[in-house]
Structures are given as structure tokens and as C-alpha cells.
């Protein structure tokens, strides 16, 4: 049966390990343009994307193949009334892999039902961004430069409304990680995500103030949405504004020297660039996006690496 | 002189045979990415398209080349006032082949006049969709799995306003086919198309009710436009609504076991999926789009296969 | 340090010579698709472009690589509020080279500051179109078919508001050229451009009426903007209208047989096609765009030719 990535839980620990192995291979040896000659990836982004879309386009190009795709619905026969399902089925005839982002919560699931090729969910409504799970794992291992099994994770921000965090938590569980969250007092994880993560093997999960755990973590994630507009105004924590909006320094000066600060992009508010030269601030470094894309593409196409 | 595909009649029977030969070669042996390395196809779609545009993009990618192009006029210097002719001439400098869709009836003809490379007409206004002719021939042979010379074709729908049907009829003539049409009592072929088709060698052409010929045909084509909105309201045949809008079954249960049902997509109205598992319903199968594109691309680039 | 092309003056005479050498190599020998396998060019066009964007897309495809990119801001995370700098930095992670057009005068400079890969300025506001400098040099050598050192250039039109002319003048200086301008009495070069050009070695610079120098020049450039709308209405030279708007003939019949007429495209107003068969009217010929793009791409990627 055709393998899809609709939910982050569609992959087992062994699958994640295999994807990490491919990623590390590409980081170390480069990406050979002989691996996917003549292969085609469809990037179907009915909603805006910079990172997810381009990582797959860049990945397949470095592998020696090419991409076709859409941004928005403009230019498609969907304008003439063609259904979403028929559109997906057609793209699955044109290509070997579909990467999809669509505003409907059930879009990736519906796409997987009609597609002749693997569908990777790069964001379906607010529910899930399944691609984010292997993606963030790879980024973690890349910046930490050590195995990620059992490490200590801090999360600062809005896990409740951040779909990347929600996709990651059960996977953090698989890797036996220990998670501490400062949710600004307002944005805890949904209960079912907490439970799933523990069931998967999470070493620990607690809520605390950032200053109490910042010195302990291997990686601190900052979520999107730490600004007025995305966060409901009545929930925006006035006392945190200064810390978040102006500088990374209050955070980085308390972090361990071998720890990593990673913002789940895009970042919307402007922060001072003061800390961007800090080698521990990872998300402004040259990111291994093509390698991330290439690891997932070759995995789902069954290309031997 | 530069060869273009402005009208389906620009190709002879021998040309169509050669294109079919290439298509069958690709279906049987796959598409080698060594055939078009460094070649560039321009897909210039000033109007929406899913199938035609992507079949050529997918085709050239599988052949080892790449595509450039436009969807709509956005982003082009045409926004600054550059003429259609100058735009086409420029794209003919960037690439080896142009595939064009444009709302003006004479667009493909005008493009062919100024282009330095072959122009393939993928839809010029309501007049012609020349690419559809070799395209549908290839699809027919693919699904029937037998030679298409002299077969019996049924058409159900609106030939009068369906540009694919109009492009196909003279070619059905070249292949000595026998055509029966149920035009819902309202949408007969234009007279000049009928005449051209007979002149080309059509074995027969008559109008009848679907139930009278459905058991005889090798292929039944359903045209687009069998819904309110596209068909003028006063012409929409009330008595047919039930048959068309809800199910393929009343059609397929009377078809021969070795016959094919093919809808000229996009389909707009929703039909029940009851008959989609029927192996004779071809247009929901995995379609050989890249092979279709690759056959036409290699033919017009003069690549030896 | 990373090399960028923000201003045409970022390249020395030796750099321009090397780019010309590469261009001539590609014109003579074709472009090998082995040169850039797996390489990726980002074409980021926040404003419309036909020529610049496609020359780079076509160039990298012929070199065996591929492109990713944007047209307008639609579909980008910039819609969600991501900054220009963060967007550029991300694209510099996806690709090996960025070609940029953006309405802000300082856009290319800002992009170069954050990019991990070379940024080529294909138009930053009204200030500069740095890519135009090597581009026009290559076109001049291509059509003249003789070395361009020390030749005589005529310019007819609006140098004051034409960013290509402003980019070219200092380079004309480097090549010891002799420039005569008919600015329609209204559109002289900015003083700083004049000075820079002389400093660089310009043989001569004077203003005169076209009829007085048309018989002498090796190349006559016509600038864009010779029409109502772009030129302020009070400055539009009534007496020139007839000459420009209807025909090339009054110009070409006074040109030398070995001279070249080149319009800096896009041309907006319609001219009679009477002179387009004239071998000296270069800008309607099959232009070597992919070779132009390939020369710049391989130069900035440090690919040995």
C-alpha cells in the first residue's frame, strides 16, 4: 500500500531513525544529482509557504530531478470548478511525490485517499504539519551535533496554538526526551497531545517559568505567535513583552554554552540582532534545507542511499 | 521552415502515427532522462490549465530538461505594456518549445508567426485546442490496448461547444473511425467540422440516442459542460439530468466489456463514485501524462527515439 | 568574502572581460548541461520581469541545474509578516545564487548583507539594474561581432530616467568608449554618473541632435520611455513623436552598414515592423539570453570554463 505522511504518528521510531540517517548522509557527503534524475515532485501550496515548499523544491533539484506545482489556486482548473480530489489525482499522475499545504483540516487525509503517489502533509489547516516532525528532528541533530535521544527540551511560547509543537511532542516522546514548557500562563498543550507523548515514552513533562529551566535545557524552542495580533489581546502577557520583543540576550546569557536556541519560523516580530552572532542561536545560521528535503524525498521514493 | 501545431490539421496521418509510436515507446520502456538534458520548454498559460500545462512540465522533467513559464499575465513585462508578439518572441529565445494557452482565437497563429521555436496550441480561445488531438489519440490507444484504426466512437454531450471534440473529429476521420453522437438534441457538430472529418476518411457519422448505440462503441466520450451554467439554461435537457449527474452505472451496464468510458476533463459536476472502480472507466485511472508530453516534446524537438 | 553584484561598479574591467570570455565560449560551443548539475538559482522577482528573470532560469536549466523563485509577494511567508531580510536569508539557504528585483532602492544592498550566497541585482527601485551592465556588454559584442573596446556609442532617449543607461555609462568608461547622447533636450545623465564614467576612462561625452551623429556610431541605443505616460507630459517632445512612434526607417537609413540599432526592452509603443528585417536592428533577432545568464551564473558560482 502507498505510504503517506498525513500525521507525524504515521512514522515509527525506526522510520525517523532512517530519515535521520539519510539526512546525516547528505550533510556529510553532499547530495548527488544522480539520485533522482527524471523524478518529479509536486509542491501544491494552496496557502503561503517559504520554507516547506522551497526545501522540497531545492531538495529535488539537488537530487537531479525537478518540481511542478501551484501557489494559491490561481491558474488551476479548480478555477473552472474541478474538485480538490480530482486535482490531487491529476498531480499524482504528473509526479512521484506530492507535498501539500491546504487550509482544510482534512485536506491531507482526503488527498492521500485518491493519490497514486505518496502525499506529505506540509500543513493541513490548524490541525497538523506532519512534515515538521522529521524536519525539526533533523534540525535538532544538525545544530546540537550530538544524538538527540533523551535530551532536555525547553519550549517557550504558545504550544496550544502552534501546530509544529503539536506535531513534535509525540515524537519527542519516541526519543525519550524531557520537556519543560513556559506557556506564558495561557497556552498549555492539548491534553490528548500530552497523553500521546507520554504513551510514546516521554521522560518527563512539566510547566515552569523560563528563568527556572533555561540553564538546564539542551534546546530551547521559541514558538511563533509571541506578538499581538496572533495571540488574543486579553491573553498577551504584558510582563513578557520586553523580554521577547527586543532581544535574545536575557535568554542566551542564561543558556548553557553547548545549548541551542531555535525559533520556529517565520518570526514575525522584530528582535534586536544583538544575539544573532551567538553561535547558539541556530535559526539564523545557514540551514540545511535541501538536505532536509532530500532526506524525505529519497525516503518516500524508496531510493537507496 | 519551423513546424508548429496551431491546428490539429497541421499534422498528417503519418505524423500522428509517429507521435503514437513515440508515446508507446515511452509507455513500454519508460522515459530516459538523457533525451533532453539542458532543453527548456516554455509553458505559457494565460488561462487556467491543470492537465495540458503539467503534462508538458512533467514530460520535459522526465526527459531530463526543465521548464519556465507563466500562469496568468502577472509578473510579466506585459504588465508594463509589452505586446503579446514581443513576449512570445522573447520566450522563443529562452527555450526550445512553447506550449501556449491564450483567450484570443488567433493567439496561436500570431505566436507561430514570431516564434523562433515550435509553438504548440494548448487552447486558443474557443476555436481550437490542437494539442488535444494527438493527446486524445494516445489516450485512446493506451486504454483500449489495441490499434485505434477503424474503431467505433460514441460521443455523448455537447460537441458544438467542446473544443476538444472539434479538434478530434477530423483526426477520427484520418483513422477511418465510425462516429455516433448523442448531442442531447441541441449541440450538433459545426457543419465544416463534419465535412472536414468525412473528407479525411470518416467511416460514418450519425446522430442517435445514447441507449441505441451504447452497446456497440469501443469508446464513449463524455464532453465537459453537461451542467447548468455552461449549457444555456433553456437548452439543458431536464430528462437527462438524472442519468448524468448522479451515476455512471446506467451507462456502464450497457457497455461492452472491452469498451472504454472516457470523460474529457475537467469534470465539474460531481458524479457518484459507484462506477469508478469499473476498469472501463478510464479517466480516473493513473493517466500517462508525462508520456503524452514527452511524445510531443521529442517529436517537435526532432529528438531521435 | 561573498561576492555580490549590487552595483555595476562592483565588477572591474578584468571581471567584465572574464564574463565576456565565458559568454563568447557559450555562444561558440553551446552550454554543457554537465556544468551545474544539482545547482539551484533563486529568481526573486517582487516586480514584473520577462527578460532578466527568464534569462537566468533558462541559463541554469541549460547548465543542467534548476531554479526556484517568486513572482510578486503572493504565496510567501512575507504575507504572514516575515521580513525581507529573513526571506532573503532563507532563499540563500535553498540555493547557490540569488537574482533579485525589488521596488526598494536599497533592496539589493540589504539582501547582500544577509545572504549566504551571491546576490545579483536585477533592478532595485529606480536606482540600479546592475545585471544590465554585463548583459548589455555581452549583447553589444554579440551583435557587433567585433571587440567593443573604444567603439562609438549613440544614445537616443531618456538617460536621466533609464536605469540601464545609468548602469552602463561607467562601464562604457572602462572600455574607453566615445558616447554621444540625444536626450530630447530634457533627459541628461545625472552629473555623478557622467563624472564616474569619465573617471573610468570614457573617451568622450557630448550631447547633440541624433541627425548629427547617427552616421558615425557603431551602436545606437534607444531607451524605454519614449512615450506618453512614462515621460512627464510637459516634457514629451512633440516634434519627435513622428520619428519614434511610427518607424525605424528614418534612423536606419542614416546608419552605417556595419552599425547596430538596439532598443533597451521592453518596448511599449508600437513601431512599424518595416525595419525589422534590417539585419542591423538587433533587438528583434534571436537573442542569446541563456548564454548571457549562463555566463553570469558560472562566473558567480566559480565554475571553471
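First chain written, first letter: the chains are A, B and C, and each begins at residue 1.
By our rule, a contact is a pair of C-beta atoms (placed from the backbone, for glycine too) under 8 Å apart; a residue touches a chain by one contact, two chains touch by 3 or more.
Please read all numbers here as calculations on a predicted model, not as lab measurements.
**Q** Same residues or different residues: which describes how chain B and chain C meet, taking over half shared numbers as same?
**A** Mostly different residues form this interface, as fewer than half of the numbers used are common to both chains.
**Q** Go ahead and align chain A to its copy chain C using Cα positions, then give the rotation in degrees, nearest 5.
**A** 120
**Q** Rounded to the nearest whole Å, what is the centre-to-centre distance of chain B and chain C, using the mean of the C-alpha atoms as each centre?
**A** Taking the mean C-alpha position of each chain, the two centres sit 40 Å apart.
**Q** Give me the residues of chain C that touch two or more other chains.
**A** Each of 64, 66 in chain C touches at least two other chains.
**Q** Quick check: in the complex, which residue numbers of chain C touch chain B?
**A** These residues of chain C touch chain B: 31-33, 45, 48-51, 53-55, 57-58, 61-64, 66-67, 71-72, 265-268, 270, 284, 286-290.
**Q** If we count contacts the way the header does, which residues on chain A are in touch with chain B in the complex?
**A** Checking each residue of chain A against chain B gives 37-38, 40, 64-66, 68, 74-83, 86-87, 89-95, 116.
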